[in-house]
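These are the structures in question, set out in turn.
Two complexes are shown next, each including subunit A; its partner changes from subunit B in the first to subunit C in the second.
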Partner chain A sequence: MSEFLQHLVNMLVLGGTYALLGIGLTLIFGIMNVVNFTHGILYTFGAYIMFIVVQQFGLNFFLALPVAVLAGWLLGAAIELTLLRPLRGSDIDTTMLVMIGAWIAMQSGTLWIWGGVAKSVTTPFPEAPLVLGPVSVSWLRLFVLAAAAMLILVTYLLINKTSLGRAMRATFQDHDTASLMGVNVDMIYTSTFAIGSSLAAAAGALLGPVYVIFPQMGDLAAVKAFAIVILGGLGNITGAVIGGFILALAEELGAGYVSSGYRDAMGFVIIIAVLIFKPTGLFARAERVG
Partner chain B sequence: MRIVVTILAVAALASVPLWLRDPYLLNALITTGIFVIGAMSLNLLLGFTGQLSLGHIAFFGIGAYVSALTSLGFDAGLPGGFRLVHTPWPPVVGFVLAILAAGLCGYFVGLLSFRVRGAYFVIVTISFAEVVRLVALNWVELTQGPLALTNIPSIALPLPGFGELTLRTKMHNYYLVLVVALIAYLLIARLVRSHFGRAMRGLMENETLAVSVGIDVTRTLTIAAVISAAIAGAAGSLYAHYIRIIDPEVFAFINTVTMVIMVISGGKGSLAGPVVGGLIFGLLPVALRPVMAPEAQWIAYGGVLIAILFVLPRGIVPSLAQRFARRRGTTALAPVALTETGAKEPA
Partner chain C sequence: MTRALGLVGTIALATALVGGTAGAQTIKIGVNEPLTGAFAASGTYVVNGAKIAADEINAKGGILGKKIELVIEDNKSNPTEAAAVAEKLITSDKVPVLMGAWGSSLTLAVMPKLMEYETPMVVETSSSGKITTTGNPFIFRISPPSAVEAAAFKGIVDKLALKKVDFLVINNDWGRGTAEDFSKMMKDKGITIGLVETMDQGAQDMSAQLSKIKSSDSETVIVTTAVDQLTLIFKQAAALGLKKRIITTGGSQNPDQIIAQAGAAANGTMHLTTFLPWFPDKTPNPEATNYFITEWKKRGFEFAGCTESFRGYDGIRTAAAAIEKAGKAEPAAIKAAFWDINIKGLNGDIVFRKSGPEGKESGQSQPNVYLIEINDGKVEMKTL
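And then the complex of A and B:
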């Protein structure tokens, strides 16, 4: 039983960052209809920004997180302006392949600049974990959970309470009508991609110090993000949050009770199962997919 | 005209081992040839049914593992105390089994494509490939996991009256790959020009219309997926018996991307496209090796993929064919142009 509680606690920490990843991707996928393969590299990018700010510049750990979010925002906006805006109106396969090309180039760039050796980040948190009865959790992981929860809340408010968010939701529903109503759809696309990218960078900056940082770390993260988006349904932010926690739970239980080698298989199994049995996602209203 | 070009191209390719003595270049040509076969099989799905399979390497890898395990033998435990024991069979049998096993997997993936299309099909195929990779990595008793399957025997061709010819040298393998590639090319060419091929293209161009004239969507897509996967499995088997060592890295996503780049750059929906694109991108690393670090090469790879999509979105072969047709004064487009994404429904 105590083992199960420990898995639940781990699930909470992991699920928070997964939710961040999922929200970013579901916004981009839902609003722009772009299968964003650069999402994983933005995650890696965020983690490296953390590494640069903390280890190479020796600056404060808590300062590094907003820097990573901002850097992710800028890189996302740059990708959207240079690669996606010229291809507006071309089919989804073309933009997907362009994103794959960008992903390969950027990942190889990361490998070229920082090498393949995994990096770690020193954190200001005490080594000794917080022990609560049968479960223990490190202070770093608690901070990760709190920061992720705060970012999820900020994104939720941004989408639901601001005029930018209203324009984004309108574009998601029908971009032609939104455009007719005076919404600058191009600007919405760039903002959406930038916001989604900054969330991926934030997830990387948060999980990077928990694990280690290496150029390919984003690959699995990207697939997990796709799993979350499919679980939660396209463009569904609440679905992405719940999906993030479901995936984290499946991984924790899979690693704990099946085999740790198959931990990362859980996301893929979920993708296949959901798409076979309920392709619109678990929380979506009836809607045709594909 | 087209037949003459094809025969000349085949003759040129067949003459290569006679004058090229550099084993490094010959090796690059063999592995390129194997990937060209994979790219041709991918083109059957991507170019003629419009379904982008980004897990295509799974069929290739399954073919490689099935072929290797058939010719090496194995002794693996199953849940419930059963044991799966197999004594080695000749590699030729492995080659056939690789085709069958990959085709069977293609059948299941093809069935899935009935439920999900577009981006979702892409994600399902990626997931499928990753699950297979993780099984190959973790089922150590069967696959040796990261330790790799080693000492895979070379393919031996039984020659009636002469015993066996073991294809061990690079020259042997070059001709083996060339023959298999030629068979795959002719098979795909025959297929896309048949009634079935027209059904596939009809589906790609306008599914609603195709269904209304009685084309069975699931059946057509499933058959295409089975044949495509089987050819990829054959390529995987060739790879296993040529390289003679297989580890789970064969399933790496980048290998699928390599095939996709070959198809897109050469021209999807064109028969010669994957061959042209495959030769360019298979040999590009060889040409870049003296001037660029491997990481920089991959950056160039990604950059070239983006550039092709921006500059030549239809691919090299269709663009050239169109230009050629225009210069001859014919207003009609080359036949390949018909298969391009002319009449896609708006998303």
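And then the complex of A and C:
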């Protein structure tokens, strides 16, 4: 029983960050119809920003987080303006290839600047974990969970309660009509990509200190983000959040009770099942997409 | 026109080929290591150690009157790439001997290429038993196979009063091989083997496996993987309140990096290593060890890398000694010469003994294995 409780706590902590990874990607996919292969490298980028600010400049850990979010936002906006805007109207394959190219170039860039050896970030949290009966969890991970929950909430409010969010949703439903109604679609695309990117960078900045930071850290994260997006339905934020927790649960229980060798396969087994039985994702609403 | 182009192309190719072989002023040694991917840290250390050996040899005038040149390629911690890199080094760079490929799965992937092109390779790190028992006569290994590690560990098993042991190992030939060899030795000693958990080589979150181990009734966990994953495991084990004795194997722990990155979480952990840079006087060849450590520091590398980089240093010196003994930089002669060398490695004399099926034996030297413990952020030596 205590082992099961520990697995559940692990699931919550892991799921929060998976959700954060998922919503950034689903936002971009849903609104822009862009398969964003740079998502993983933006995650890596966020982690390295954390490393630079905390380890190299010796600044405060909590200050580094917003810096990473802002840096992710700026890099995302730059990618949209220089790569995606000129390709607007191209077919999805062309955009995909360009994004794969950007991913490889940026990953090689991080390797060139920081080298392949992993870096770690010191945090202000105590090393001794919080112990509640049979369950322990590190303070850092609790903080990560809280920060992820807050970022998810902010994103949700931004999309559902602000005029920018309304314009984003309108563009998602029908960008021609939205454009006719006076929505600046170019600006919406740039904002969407920048917000999605800043969420990826935030996830990297939060998880970098939990794990270690190296140029390929985003690859597995990106694969999981894609899995979460498929699980939750394209463009569905709530779906991505729940999808993140489902993936974390499948991994935890799969590793705990089936076989740890197949841990990373568990999530994909679920995805195959979802794609067979409910191909639009678990939570896709009947919505006009084109 | 096409024919003319074809002719020009043929001439250019022929010139390049002739120029490539006849004009060789250096003796090339191929280095096939993971410089990116999951084992980037370890592979980079090994390459830096290899460069020290090459520079040292060249400063003394090289071998056979020529300088040695390391042709370094990145196998990306990926077996497919490791095999491709070996092929490239042998066919395109025409190296007569290689060193590589760090991980057991990487080395095993390279081995068929060595047979195909009949080119020998010094194996500097890999510890899977399979490497020297499958009958590949082009393999000359200077690192200890996991059975040797297990045998060395046998002596301390009673002192540590081990009763029940769980394993957490990397899910590849190295990890699974270690779990097998250590289980066998421990069962003979009457120790119960509990869980055998695995993790993917790129995995970053081992909380699920550690939670399971936490709930088991064993008192010790044997962990086998490289430094980056070890750091994560110690941090995550501490976060889960796992209070079992942790012993790591494989010699790729870089204890100082663990101390720096895992902090207090590393205290109390024990490690089976193959080099003692902290206590140069206790190594088999103190003079060579001191030279190597001084040179390593002089180049501005982190001390933590020593436990890994010495393998690259010894590996290149081994290859160079064989070339010198062979008297020519040709694969067949070098392969034969490996059996006759005797050099002072940083971890014992490097002399190859036959291992594997008769008629196609691999070479295996007998390096030392040590047990160290991290206490208060410092490395202490335990006597085996």
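One rule holds in what follows: the second predicted complex is superposed on the first by the 285 of 290 C-alpha atoms of A that agree within 3 Å, B and C clash if a C-alpha of one lies under 4 Å from a C-alpha of the other, contacts with A are read in each partner's own complex, and residues count from 1 in each chain.
The rule is short, and it goes like this: a contact is a pair of C-beta atoms (placed from the backbone, for glycine too) under 8 Å apart; a residue touches a chain by one contact, two chains touch by 3 or more.
Note that the coordinates shown come from a computational prediction; the quantities given were computed from them, not determined experimentally.
Asks: Given the alignment on subunit A, is it a clash or a fit between subunit B and subunit C?
Replies: clash
Asks: Output check: A:A194 vs subunit B and subunit C. Expected answer is one of first, second, both, neither. What do you get?
Replies: neither
Asks: According to the stated criteria, A:G261 is in contact with first (subunit B), second (subunit C), both, or neither; which is it?
Replies: both
Asks: Should A:L83 be classified as contacting the first partner (subunit B), the second (subunit C), both, or neither?
Replies: Only subunit B is touched by A:L83; subunit C is not.
Asks: Regarding the shared-chain residue A:L275, is it in contact with subunit B (first), subunit C (second), both, or neither?
Replies: After superposing on A, A:L275 lies in contact with subunit B but is clear of subunit C.
Asks: Between subunit B and subunit C, whom does A:H7 touch in the aligned arrangement: first, second, both, or neither?
Replies: In the superposed model, A:H7 contacts subunit C only, not subunit B.
Asks: Which partner does A:I52 contact after superposing on A: first (subunit B), second (subunit C), both, neither?
Replies: After superposition on chain A, A:I52 lies in contact with neither partner.
Asks: Quick one: classify A:L111 as touching subunit B (first), subunit C (second), both or neither.
Replies: Both: A:L111 reaches subunit B and subunit C.
Asks: Is A:F214 in contact with subunit B, with subunit C, with both, or with neither (first, second, both, neither)?
Replies: After superposition on chain A, A:F214 lies in contact with subunit C alone.
Asks: Can you check which stretch of subunit C gets into subunit B in the overlay, out of 75-83, 147-155, 345-353 or 363-371?
Replies: 75-83
Asks: Show me the subunit A residues, by the header's touch rule, that subunit B contacts in one structure and subunit C contacts in the other.
Replies: 111, 219, 259, 261, 264
Asks: Okay, in this complex, where on subunit A does subunit B touch?
Replies: 29, 33, 35, 83, 86-87, 90-94, 96-98, 100-109, 111-112, 219, 223, 226-227, 230, 259, 261-262, 264-265, 267-269, 271-272, 275-276, 279, 289-290
Asks: Can you list the residues on subunit C that touch subunit A in the complex?
Replies: 35-38, 40-41, 43-44, 171, 197-200, 202-205, 207-209, 211-212, 214-215, 228, 231-232, 235, 238-241, 260-261, 263-265
Asks: Where on subunit A does subunit C make contact in their complex?
Replies: 2-3, 6-7, 10, 13-14, 111, 115-118, 120, 122, 127-129, 131, 136-138, 140-141, 211-212, 214-217, 219-220, 251-252, 254-256, 259-261, 263-264
Asks: For the complex, give me every residue of subunit B touching subunit A.
Replies: 52, 112, 115-124, 126-128, 130-131, 134-135, 137-138, 253-254, 257, 260, 264, 293, 295-299, 301-306, 309-310, 313, 341, 344, 347
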